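Report on the structure given below.
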Amino acid sequence: MSIPTTNKQAVEIGKANKRKYMLERVSQRVFLFCALLSVITLLLIIGFVFYKGAHPFVAEGYSFIDFIFGSDWVPSEDKFGIFPMIVASIYATVGALIIGVPIGLFTAIFLAEIASERLAKIISPAVQLLAGIPSVLYGVFGLAIIVPFLQDTFGLVKGQSLIAVILVLAIMMLPTIVTVAETAIRAVPQTYREGSLALGVSQIGTIFKVVVPAAKSGIMTAIVLGLGRAIGETMAVILVAGNSLIVPTSLTDSVRPLTTNIALEMGYAFGTHQEMLFATGIVLFSFILILNFVLAKISAKGGN
Amino acid sequence: ACTSNSNDKQTSDGSSATVSISGSTSVGPLAEKLAAKYTEEENTNIEINQIGSSAGITNAISGVSEIGMSSRDLKEEERANGLNEVVIAYDGIVVVTHPSNKVKDLTMEQIKQIFTGEVTNWNELGGDDLEIVVVSREDGSGSRDAFQEIVEYSSGELIRNSIIASGNGNIKTTVANNKHAVGFISFEYIDDSISTIDINGVEATAENVLQEKYSLARPFLFVYKEGQLTDAGQRFIDFILSEDGQLIAAEAGAIPVK
Amino acid sequence: MRHFKDNLLRGLLWLSAFLSVAVLVMIVGFIFYKGIGLISFDFIFGDYSPTGDGGIWPMIVTTIYTVLISLVIATPIGILAAVYLQEYAKQGRLVRLIRFATESLTGIPSIIYGLFGAVFFVTTLKLGMSILAASLTLTIIVLPVIIRTTEEALKTVPGSYREGSLALGTTKLQTLYKVILPSSMPGILSGIILSVGRIVGESAAIFLTAGTVAAMPDSILSSARTLTVHSYLVTQESGDIELAAAVGIVLIVLILVINLSATYISKKFNKSTNK
Amino acid sequence: MEQRKKETIINVRDLNLYYGDKQALFGVDLVIQEKEVTALIGPSGCGKSTFLRTLNRMNDLIDGVKITGDIVIDHENIYKSNDVIKLRTKVGMVFQKPNLFPMSIYDNVAYGPRMQGIKNKKDLNIIVEESLRGAAIWDEVKDRLKTSALGLSGGQQQRVCIARAIAMKPDIILMDEPTSALDPISTLKVEELITNMKEDYTIVIVTHNMQQAARISDKTAFFLNGEVVEYDDTDNIFSTPQDKRTEDYITGRFG
Amino acid sequence: MEQRKKETIINVRDLNLYYGDKQALFGVDLVIQEKEVTALIGPSGCGKSTFLRTLNRMNDLIDGVKITGDIVIDHENIYKSNDVIKLRTKVGMVFQKPNLFPMSIYDNVAYGPRMQGIKNKKDLNIIVEESLRGAAIWDEVKDRLKTSALGLSGGQQQRVCIARAIAMKPDIILMDEPTSALDPISTLKVEELITNMKEDYTIVIVTHNMQQAARISDKTAFFLNGEVVEYDDTDNIFSTPQDKRTEDYITGRFG
């Protein structure tokens, strides 16, 4: 005879507990609703962007293939190709990850495991503060310091370049990665450290073989959030990217990532031009969804 | 609080009406200065949002704002929505370079060659042996539209690897920090950090524009939907076009209508 | 060999931390160096004037409004959503969908949020360009941040706490607010601090939804300009880096004050539960 | 024996439990009398903890657990009723590893009663003191009731856990190796306590210490690989085990 | 006894330990001979674990711990030398609560050797199997070596912990109540193991089970309130304790 663990028909529930169960049920619904809100907004936003962005292809006879692979973007002449921007976005994101993730994670490890409590108590809030500095100011910093620095140091004719974008983005994702990863690393139970150290494993060995793997899920979150910051960033990038419409072939080329294209022209766009900017948004979206998907796969693989 | 136009705001007890204005970031600062002066005397509340010419025009059409500001001419589709336009001032555009640049005077043709990439080194123009870095505004910008129309090249001809900067200030900072660079900005933003270029020997001044010796200029527009302009809005436009208003515009670096 | 590898890694850890701190010092140093000359009592507490010699008090007030309203809406929703995902939901399709949605939301560029807010909150819901419309847009932006960090915080609460409490005949809800949430408070708080940063630092999404009106807002339905939007406009349009940096100083101090009060609250919280 | 007249309080019939695909309990039948101490013994991994946790439905918390069969406690089929709260109030539990909350000692013990709505400070004080005395820990902590419970040593923590369970005045108390972290003196005190508590409570205890089982329990069930091999009066189990495997296990210990 | 000729391997002189302001150990003197089993007994909270953890400097991890006095292990003053890694390789440890890493069983046991640079798969396989056999757990886990160690029951986990320590082939093994979570059969196996290991290793073990101390140890130290009250051959301690408090404690258990 089988007894399902979730039995729907209530059998004699104590009076005092009735209220508790009611509250329990109601609260669960409320929690669920809150959780669903993000799905609802995501759907709304996707719907909105797709509605706007699909229009030229559905109703005005533009070719989506030309849009993706075209290399000319001249809205006033009805040319909408975003291939250079796609390439720029990929390069910029990957570059920022390559620089920002290791430095951010290592800083987080340093703060959680190596630094004295006193030092960590000073640095951690300072790094958190960086997270709060508006991206415009990063852009100003990039424009006034990084761009001239690149010009002078490497003798470039212009410092607005892919490398400037990468540096600014890497700096911008640091605080997010450091803060979230540090919290995750600190949460690893002390017994893991003890177990490893007691085997005569060095502190560094313990950190990299036991502590960091145990904090994997939190570290993935840190990277996802940091990545979000990098992909979604516009205002700082506009100022240092140069926004040229060329497919970058070197780190010193000026580039125009997808986000920048949207932010740059949205205030001035009208009609098809505006819709094409939304279409750029769709591409960006797909880009983000693919990335999230890949990251989820990676972290699931690591979880086994 | 600007979804509705000022009709709703005007209450019978005489408290202040609100005029909501949005649009071009070039026109914005001038409009703010005019509004500051105007509201010193009039019991009117003027809200100015600088969000770009097109967004302003869209808002004027949809009724989110009573008046839109534009630094470019209206497009056909926009006109079709029954928009009226008023020129509130003119704005001169000046070509600027790094202060160290020896080139001080260019012809229209040379400017075109620079921006279309036919000329790529300053030494071809009598300057040092430095590669030219072109800085332009974004596609759709009123300043860029006007500049290209007068210099006579199209967006497609603009040299591909030009830096695109998203505002007058951004162009100015970029040019001020790069001895290779050349760009164009509104008269209002001229200062010591950059050096200005004369065209065919004519200096970029308001006077020369008014005397039609200097041709790089475009209108600043207020646009509104027929029948949607309130009394308060109309009075503000009247004020701008008055002598007092035009004086303020001149002080702010713009070129008066008359 | 092992020693060498250890020392190398240890060196890299120090180097990374040094780089992070150096960058922080450089950025903050740059902002202060450029902007400190403009800071004065009148600059902070004075009314704005378009001629350039006015203050930024209206922007400060607007910024505080947006932070407060967004947090008041986003924090409870975010925490409850995280609670659902961690404590209630059975791992399955729905949870995966919600997670996927949350993660995707973190990656959407703020300009798209801005456009969405401008159409949905400003036009469709008829809130107009207003502090409220901007705050609602910001709520969507920070929601995923709060959800994710809260989830991580909840994960760190040992299962034995839950068992211990439930075995005493308490409901999940009671266990939640008496044992689980208090133990995960520091993590939740760090999420909120991150969110404050995101809200204060946002520009693209705000100027499309709240506008750029440089005057003291009458109410949360007024169109207004936040500090960040102000520094954005100043950088783009007038290229006045000093002024942008001066606004930056005020922003940094503001964030500092908010962070310190959050830390203080969390300390008090810990005292009452732990010690 | 006179206890024979006591009523059945727990009646387990044909209980099977699966962790996902893996079956951990196989057709367990067990009848537990009220106001007795029932000991569960058996080698590690044989399912003692798993079985114990079915009695207050703590296994509900683990995803993928499937249960078939019936458990009737106090005339109520606990897997048919939905009132787990009532069940768990009636059936208290002490875990293998101490699991105090990160609160003060006082708040830990007062936690359950407070959640049931007892607010009065004096009442709470009385409950806390009685429970801590009951768990033989009062003297050691009475001066630091307001300090964090996590600062105590393992043994002290476990006794506070027992106090926390006692504070709910349950009918039945489940204990999963409650003394495995205690020193002999505390163990003795707890054993005494258990013997005293028998007057008021029904106790089901998992233990590895056969001496302990022999000393304090009335009935003993021997588990092996998820089955109950033998269940009888403790005296019988230890003197004349019927099953060869029981005998092996017991003598293996003392052999 | 013939063991008397063995050499001193651990020499503790006037050891005091403070947790912040609170003193936990008071002038402990103790000389431990190599290849013997030394048991530490005493009531909960008396400082047994604390003392044990000074021997491989695990207390270094706790903020605010202050230590005075000397501990000489193998002719080296361990608090004067800086090579804790060497110390801990030489002095292994098994904790009170199992603390396996969130990895597979195999990886847990192979962890230490790997970190010492052993990469060869065959060597590792041999080490892992030997260690698991040594900890009397091989048969239970041999078919699931690659599954997560955290899925094991408490008892199984603790035995894998012992295997993990054995895998390092240390000179000295510290054990903090290693069998308190084990069932009698595993306990017996581990006890046998400990008795066998004596041939190669020096073992210091904290236990609450006086029978266990009597069965397996050569020397016994009785701790009370952070002091060593009595330290002698195990036979003497259990037959003719010199100190009244030792007697009370021992008889309290079996009284």
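Worth pointing out:
When the chains are written out, they are named A, B, C, D and E in that same order, and each has its own residue count from 1.
As a working rule, contacts are C-beta pairs under 8 Å (C-beta built on N, C-alpha and C of every residue); 3 or more make two chains touch, one makes a residue touch a chain.
Bear in mind that the values here come from a model prediction, so they are computed numbers and not experimental data.
Looking at which two chains touch through the most C-beta pairs, you get A-C. Note: the chain lying farthest from chain E is B, by mean C-alpha position. Centre-to-centre separation between chain A and chain C, using Cα means, comes to 15 Å.
Chain E has its Cα centroid 29 Å from the Cα centroid of chain D. Each chain gets one centre point, the mean of its Cα atoms, and the points for chain B and chain D are 81 Å apart.
Chain C and chain D have Cα centroids separated by 47 Å.
Shared interface positions of chain A, defined as residues touching 2 or more other chains, are 20-21, 143-144, 202, 205, 239, 263, 266.
In chain C, the positions touching at least two other chains are 2, 171, 174, 235, 241. Each of the following residues of chain B touches two or more other chains: 25, 51, 55, 166, 170, 173. Residues 20-21, 23-24, 27-28, 30-32, 34-39, 41-45, 48-49, 102-107, 109-111, 114-115, 123, 125-141, 143-145, 171, 174-176, 178-180, 183-184, 187, 202, 204-205, 208, 217-218, 221, 224-225, 227-228, 231-235, 239, 259, 262-263, 266, 278, 281, 284-285, 288-289, 291-292, 295-296 of chain A touch chain C in their complex. By the touch criterion given at the top, residues 42-46, 49, 96-97, 140, 152-156, 177, 180-188, 208-210, 249, 252-253 of chain D touch chain E in their complex.
Residue ranges on chain C touching chain A, taken from their complex, read 2, 5-6, 9-10, 12-17, 19-21, 23-24, 26-28, 30-31, 34, 76-78, 80-81, 83-85, 88-89, 97-98, 100-113, 115-116, 119-120, 140, 143-145, 147-149, 151-153, 155-156, 171-174, 186-187, 190, 193-194, 196-198, 200-204, 227-228, 231-232, 235, 241, 244-245, 248, 251-252, 255-256, 258-259, 263. Only residues 56, 58, 61, 63, 84-90, 92-93, 95, 97, 99-103, 111-112, 115-116, 161, 164-165, 168, 170 of chain E touch chain A when the two sit together in their complex. Those residues of chain C lying in contact with chain B across their complex are 49-51, 122-123, 126-130, 207-208, 211-215, 218-219, 221-223, 233-241.
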